[in-house]
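Chain lettering (A, B, C and D) follows the sequence in which the chains are written, and residue indices restart at 1 in each chain.
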């Protein structure tokens, strides 16, 4: 049986003694560290850390850990930090349009308990995938979007996300550009899958563009969504080899396998609190 | 002992009966086919073929094959075609600047007879790699280039290539943009290695740009050089995974292994007459 | 709209004129060839071919093609051949135990019409995955197996397969060894996924064995089932990199993504009639 | 300019406070840590660490660091440890037979200063590669080996290795089995490249065996040499996809590119003191 753990994600200016201070804090309070990874960006003198420890015998009560850590350690090192507990399930909303490959891959991972997560709703601008939501007994909200209705429909989406207390939004081949306003409500909490090897082939129809360019490898990129289209911090990328024998239709078909794996890997890292973002780049711990 | 073979590379509008006609031509004249591959681009109705046969018992004399094929077959199908013989060694000029990884990889393959090819000269805009040319006993021409001298220095290069009867020019991390005039002399006969996953990161310092963008995979692309920078038909691409732990220096170091393999694979395909180009895309037979 | 096609899979001793004869047969009878690939195994002088053509305007009636081809071409070249039509859906039975990743991947591909196939039943030695069968409205047969009951339970399975007119059996992480008798009923019609890079780690618990050996890459292999355990002709293999940071549990989790993709790729090739088997090795056309 | 650093490699039973103690030791003595990575094998309760710091301002003299660390830290935690300095170049002997691809790849990396290493001699049981040694001005020792002469010839080899003060032996496609006695002189100091995906295809002619088995992926494995043939701790593995179109000769040719990269990656990790071995498995830090 896996024991309950606490997880600290830390980001601060690099200084001597940070690891020392953090491990000291846990050690002195009887925390059994089960995971420690850190990264120093020497060119910008920045430090990143993820540490996880069993809280059963930890001498600081769960609800006090944040306060103590902030007072005793974080301030001293000007840390940005976040604290998570392994028994808190994230609540994830999945946005889709018509393609089912990513959605099925996500739902399978929840259903099989590979991921310990809640998916309380699926939102789509089309009805196409409603039967899948029904297969998995998940509420499905059909919110069609046109240029004219975009603001109002996004408001509906945001209302739903708030009602359902959503922690993470996954755009699983959701073929709509999300507005800046929407993104502001979920900073670094929206993961998109783009079906190209970014920064190549930004925007729509990347497989068509890849085919036209005559590439020998196609890709997929999962990233946090920011105001700049397809320009947010990259979490994971994957590729598939293609040859002259394959046309756009083959690219699309083969690409799906890549997209779903790349998206699911990114979601998994987020669920495990293993991602930190800085200067539009990600630190993704193993 | 491998027997001498002839190779036909064919490109024409798709029609019923092409394979039939070509194999018939060989069959009727006692050609023993050892390789046949073809590709039909259905969207553009174009047909591509590579066929190779042993010429020992072929009833048409080696010097007459082209004429006969043209008269009896090619005209009927409006074919573009080229004829090659396995005992004709290509003569390759290698252009370099300061980095040795691709050069060594190429020279090793010649030296070890992995490739049956002649490298009669190396041309560079710097003296740095002269010792390697000496190691392998290959004439080394130092032709420095500035904006002011470019036209005149390229004329010197072209004169050398003509004197040495060069069939193929390889830009093995040659850090100069080759002029349109130069390219016109060697259409689809100049292979470049670009140290990015094209079309991402065209131009100089692609690893720096890749690092800035925060990609998780870096790439290399070998392509025929055309008048548009880094936009020629792609022959081969390869990739290397990177993480947040790696900086630009690591990208450069790791990228070298990828670059040399990707470039050498492209050269090998060209040497084996396995590449056809159409609409800025390549057909690369296995 | 894709037109109906016929597909010939051919295997025979290599001789001059085979391609000629086959393409001639189609050409003379007004067959529009949309796919042609062939392979010659020069060391064993064996020839393999897959050819596909539109039958709409073909001058030989669909039900007569086999007879004509056999009489006019196949006998002359001592061909083994099979004829298929693109509008004949294969009927596939999926065997599972407790793990759902391969099953979901297969069902998604049918459900989304990526594959044009029928899955009329799922058979399992456990009840675990019954809810998934129900999700997809597919009859689920629970046939538990012990050493004592194996013969009798396999007889039940075979009866079901016959009743449902099954063309292909897929062992989607079915954790039972299938008997020789069972295999004899479906020669080269049973595809298994083994969760190792065969021939390494044959048998049970390959991830445990891989971990013990300290490998840096784990694999998965899909193959036709033969009487020798995990020794049948390999169709497709895939790999995943691992590091010292990962334990057996991680291998199992990461391996699933690889397994499902490798199995589905193999099934797809079989459904497209692109596999020929000879000397326990496969020719898998693109 | 890179500053001189010291590197500690540590292996001990896992306990609370190890990282704390080690970083404290460096911190208190003014060591600027530039690299820290650690790994805990929870199933065996073992801890591994690599830490690197600039020694310019370190308060303990270089020649005293080992003693102080042992007394103050290592004993307390029952550590096995080793101390290295970035300005100490390793001295590497390369053993070859007739194939040059790995040798060239190694020599290029030294020559181009990608590696900061000395290669004072090359040893071979054949004369074939002597010209390459001459190209690079490295003493070449031809020591032919037969069953009858093996013991005596290995004694000569060992004498040379001692004379040249060799730290690391690289078997770069050296087609001889090294005796247990030889191995005992260089425990975890002999790196071999085996041209298969171990543990598949142990022993000689692995590409032939791979071809016979009909695999779709071939591999290469670099490992430390132990008394059991091809069974030592694996450092790095790489793969190459193959198809039915390729015969043994193609496997051999394609495999070379994989072998040389896999071997060079393993050597690089060893040179950087990034490998720890335990239970016949390696911890290879990034």
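Here, a residue touches a chain if its C-beta (ideal position, glycine included) is under 8 Å from a C-beta of that chain, and two chains touch if they have at least 3 such contacts.
Keep in mind that what you see is a predicted model, and the values were worked out from it rather than measured.
Colleague: Just grab the chain with the largest centre-to-centre distance to chain A, centres being mean Cα coordinates.
Modeller: Measuring from the centre of chain A, the most distant chain centre belongs to B.
Colleague: Taking contacts as defined above, which has more of them, A-B or B-C?
Modeller: A-B
Colleague: Return the distance between the CA-based centres of chain B and chain C, expressed in whole Å.
Modeller: Centre separation, chain B to chain C: 37 Å.
Colleague: Using CA atom averages as chain centres, what separation in Å is found between chain A and chain B?
Modeller: 42
Colleague: Going by the contact rule already set, what residues in chain B reach two or more other chains?
Modeller: Touching at least two other chains: 42, 243, 245.
Colleague: Using the touch definition up top, name the residues of chain C that touch chain B in the complex.
Modeller: 16-17, 19-20, 23-24, 27, 32-34, 36, 38, 40, 42
Colleague: Going by the contact rule set out above, which residues of chain A touch chain C in the complex?
Modeller: 99-101, 104-105, 108, 111-112, 114, 135-136, 243, 245, 253, 256-257, 261, 264, 286
Colleague: Which bits of chain B are touching chain A when the two form their complex?
Modeller: Within the complex, chain B touches chain A at residues 39, 41-43, 48, 197-201, 213-217, 219, 233-239, 243-245, 247, 279-284.
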